[in-house]
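Note that the chains take the letters A, B, C and D in the order they are written out, and that residue 1 is the start of every chain.
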């Protein structure tokens, strides 16, 4: 049934927002064909009943993961909750390539995982095998990987701007304050009182202050860039919008660098990247300008405080912060052009 | 510069929302190339400065319309305000094909135009020539047209469901109540106090009650279907959302038809249409399910009042209600596949 | 502890939005003292933990309803789910006056109740005793009542404008189309997927088409005004806003009346009412203008269709549509000035 | 006409959001009577035509400021744009007490004013006379003042938590990062494209990065507390909500203090304050919990980075950040109880 040059794709956990977003993106992908969609509680239904906006896409019915037939599948996107994911992935045939969107394989250190997730990792060998899929900064490893741990949404918005600056020695790795703002879709589609329209609309608040699980993921990446352990101040906030992350990052300049130097470093690093754009001096990025796209926009400002700079990064948390980057990684792993399925412009207004 | 099989496209008035939406859609069109963008007050700037979300698209700079060079252009989208549009279009070289998104050529009767717009039409011959571009219901004429009057957003959402029902004699043409709800982008990008975030958010109200200019446009189409003059009750409301129109239409059944008959008639009429979908019994369409797409969803219900039915139609006002339908019409006029540039799925959440 | 002229008030089911709204209003009431708050799942907690915005109010802790001590209580607001309410109210000491905000006592006809709620009413005697608390139109009965059934939010917004017009014979009772739009708080605070921010924001859709339980409540009131059975077309819609209802009502004029006659009738009927205001010709009411207040605004328009009129009514569903009207009824039942606790102006923007 | 114990109040510039908010609050004030409302472009109209939500309040018609009769007035709230304000206030009869809500009298240093506002101050004597109206921290001076400069919205949200901590020597005054988020009403009611619903909804972005005029106002207050010049990193963001400010403040602990010490210091300082509340450990304040009220909520957290703390302050920018604090100051200046007119609870949801 599949075209000869198409890979046959399965999505595990297709009834959540990241699953639906994968379907939206892959529906336009010329070399991928959706052949398997699992959703335990919705098994037997059509995805279009769960997500009417996807009615236009020809899709297999939802099945339980235990009923999945792996024989016709080449590639798996795993959108299951952390904790259960590791056992599911461990049970998959080894010939399948996998991009996992959960947090299960993001932390390389089993002790760190256990500390933040409250239990021992159940698939330590896979944890070692997994490649961290921050595409622009880990491209070669992703290309060669069988199992990719897709980065968290906040960590993507923070590491894309910061890692090149830390590697260049232009900012102090021991004085980083990250004030991050996210849309509500990051919390998923499960019914929770705190995510009701009436609770979120027309307000803003911080959450998970000083204890959000994306902090160690960020520190892992920044620490590798710095060549030493890094600890960051990281505070996420919930904003009344469905999509989008803005990370406002407050930095101390180092090595005699100026804010202009930071911008130059980023421009050079991302000059050939189709999805990352460094804004001109004086321009602040807005989440509305990346909505629905795989783009990351970065603005750089000299702070009023001498010797300090402000870096602002925006992404769509469901695209570059999740499903879009996952497709980007699949493209690399399958040897496709990296932008396939990801060419659409942002939707504004 | 253009590929051999590409038409060279110009957009007049590219700095408004419908202009930007055309650019978004045409950026992915395999057979169209944007060669001219006009915007009098923004001339000399790049469109990406006016609409940063379009930074990823290679585009010509904005020019004044008086500086436009028509020689390299095959096709024009006109997104200018009504009133001035008619003179601009009249001055274009006749060899150019045109889709006009203003109201200037929608009403066929010059007297009706003068009554609703307060002045005589300045290009009556063109008004006669213009073809009304409700694509699914006027396809043959659109294919052959040089000048297409792109329908209004509300009229599209109303006529797609109603015209087949009136033609089938299944609803009474003299007892039609339309309660329409629109997102704010329908009001354009000009700075107006009533469209400020603070004025619109978290509220709803009717506007233009019993005097909105889309009423005669609707009546023109329904009247043609009924074979007699039709007058409708039409009340638009402003909803705190950027995109989307929902028209809730209250109808008296005729000719012994039931609500199920209405659904069958619509299903049959739109069976082969890629952009129109008739929902199953009991399903109500939601604007979120068409956001960013050229889709139109229609739900049909028996009313509790015997002999009456409720028909609900939703579109994205900027796509099927404006720029998407315009591209659809261009595809027809240029002999392309009708769905080119319009294949993307809706964006949800 | 209570001042000598204060009534001692209990709220059953204080952890929902209508309970919280009662607390907000009664906190400023000079003659009411909150002495009992029940919330079974939250028993033992402070209300300020459940609703931090109410931290400034001195309140008793939440208790289970089975642990409630009725001895120190004079007046009860019952905010429990329909179905369970009737048994709870039946078990209360008869000396307590009660305003019930559920649907349990709104329908006077036990057969109608059974038909719409799927089971026999468990407290038919109380159902007979209950007075329908549409304050402005049933003031004398409310004053004398022991048990008041507080009207539903939609029925309040519909009946306040329609009942005087039907009584005056100025509109046809057999040709009424109601297109109602509500904010999300009407759905309560329980965690439901369809009320998540991500599901509701930036969209609109109809729900409960032709089968919403407020239809028979509306018909009961309009039927009494008309002196005959009435059946209405009633379609509710969910709007991305927390508070507010707009009912757009499409009417056939009767008895030779004009839209101006309708406005005059309403102006006369509500001339001395502090909470109901009839707008001037050409003015459409907006929900933003009643937010947080007990106000009802009504606009009247001649339709473009000869012989028809459009009436627009707006309220805040949590105030005049629920807790505000409940306090208004309490004031009457206790012999207080009707506006006590309800004097605040709307909050805009 | 005025009650014997009422002060007669005028509002200059009553057609903006802060003017309307003053009317909303003063409508319930037992000792204030609104006798004068100016609005040059709206002169001759009723305020209820400009702000229909205020229809229920008995008010004088709007007049031009040049037509104002000061003879019957005791107290002025000035809500005019900065720049023109200084001359208007200079021309007022000296017997009038004034609270000015513009920025004109907030900066004590004329050179600093000239630097940030681009022109010499036109009323330097008044600038010297003006008392900075951060009520809780400057109460004695406000009580004795004739002219009060009402603080900016951001500076209120920042100084209330920070000044006591700096005075206590518990945080380093030279390492302060403020990431502030505001609702859109802070931008006023003038029609500006960037504040349209379509531009703001469903997005977030920083603005005025490293050059916002509230930075020097904040530094003036913090510097006085520190006893030395202070320079802060201050970045405001625009959030899709009408009301509310959240300032997330990242601090270095000093003098051996812990985050718990910070909370204790704030709890002690504000123990008797009716409008300021320090949250318990682990609680983050939300703007929804102060909406429409004069409350300020403050949360304190130990950062993950050793030796650092996070302080979160929320207010309603139109109330405690503008008109509410203005009324609070008026109450002090007139010898009234400080909470008069400000007793209402927040509006949620």
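What we mean here is this: a residue touches a chain if its C-beta (ideal position, glycine included) is under 8 Å from a C-beta of that chain, and two chains touch if they have at least 3 such contacts.
Just so it is clear, the model here is predicted, and its values are computed rather than measured.
The interface with the greater count of contacting C-beta pairs, when A-D is set against B-D, is A-D.
Chain centres here are C-alpha means, and the one lying farthest from chain D is B.
Distance from the chain A centre to the chain B centre is 36 Å, each centre being the mean of its Cα atoms. One finds 39 Å separating the Cα centroids of chain A and chain D. Work out the mean CA point of chain B and of chain D, and you get 45 Å between them.
For chain C, the set of residues that touch two or more other chains comprises 17, 185, 198-199, 201-202, 240-243, 286, 288, 291, 349. Chain A contributes residues 17, 184-185, 189-193, 195-202, 240-242 to its touches with chain C in the complex. Those residues of chain B that touch chain A in the complex are listed here as 17, 20, 23-24, 27-28, 51-57, 185, 201-202, 242-243, 274, 277, 283, 286, 288-293, 295, 297, 343-349. Chain B contributes residues 177, 179, 181, 183, 198-199, 201-207, 209-211, 215, 231-235, 237, 239-244, 246, 248, 250, 284-288, 291, 299, 301-306, 308, 310, 312, 314, 349 to its touches with chain C in the complex.
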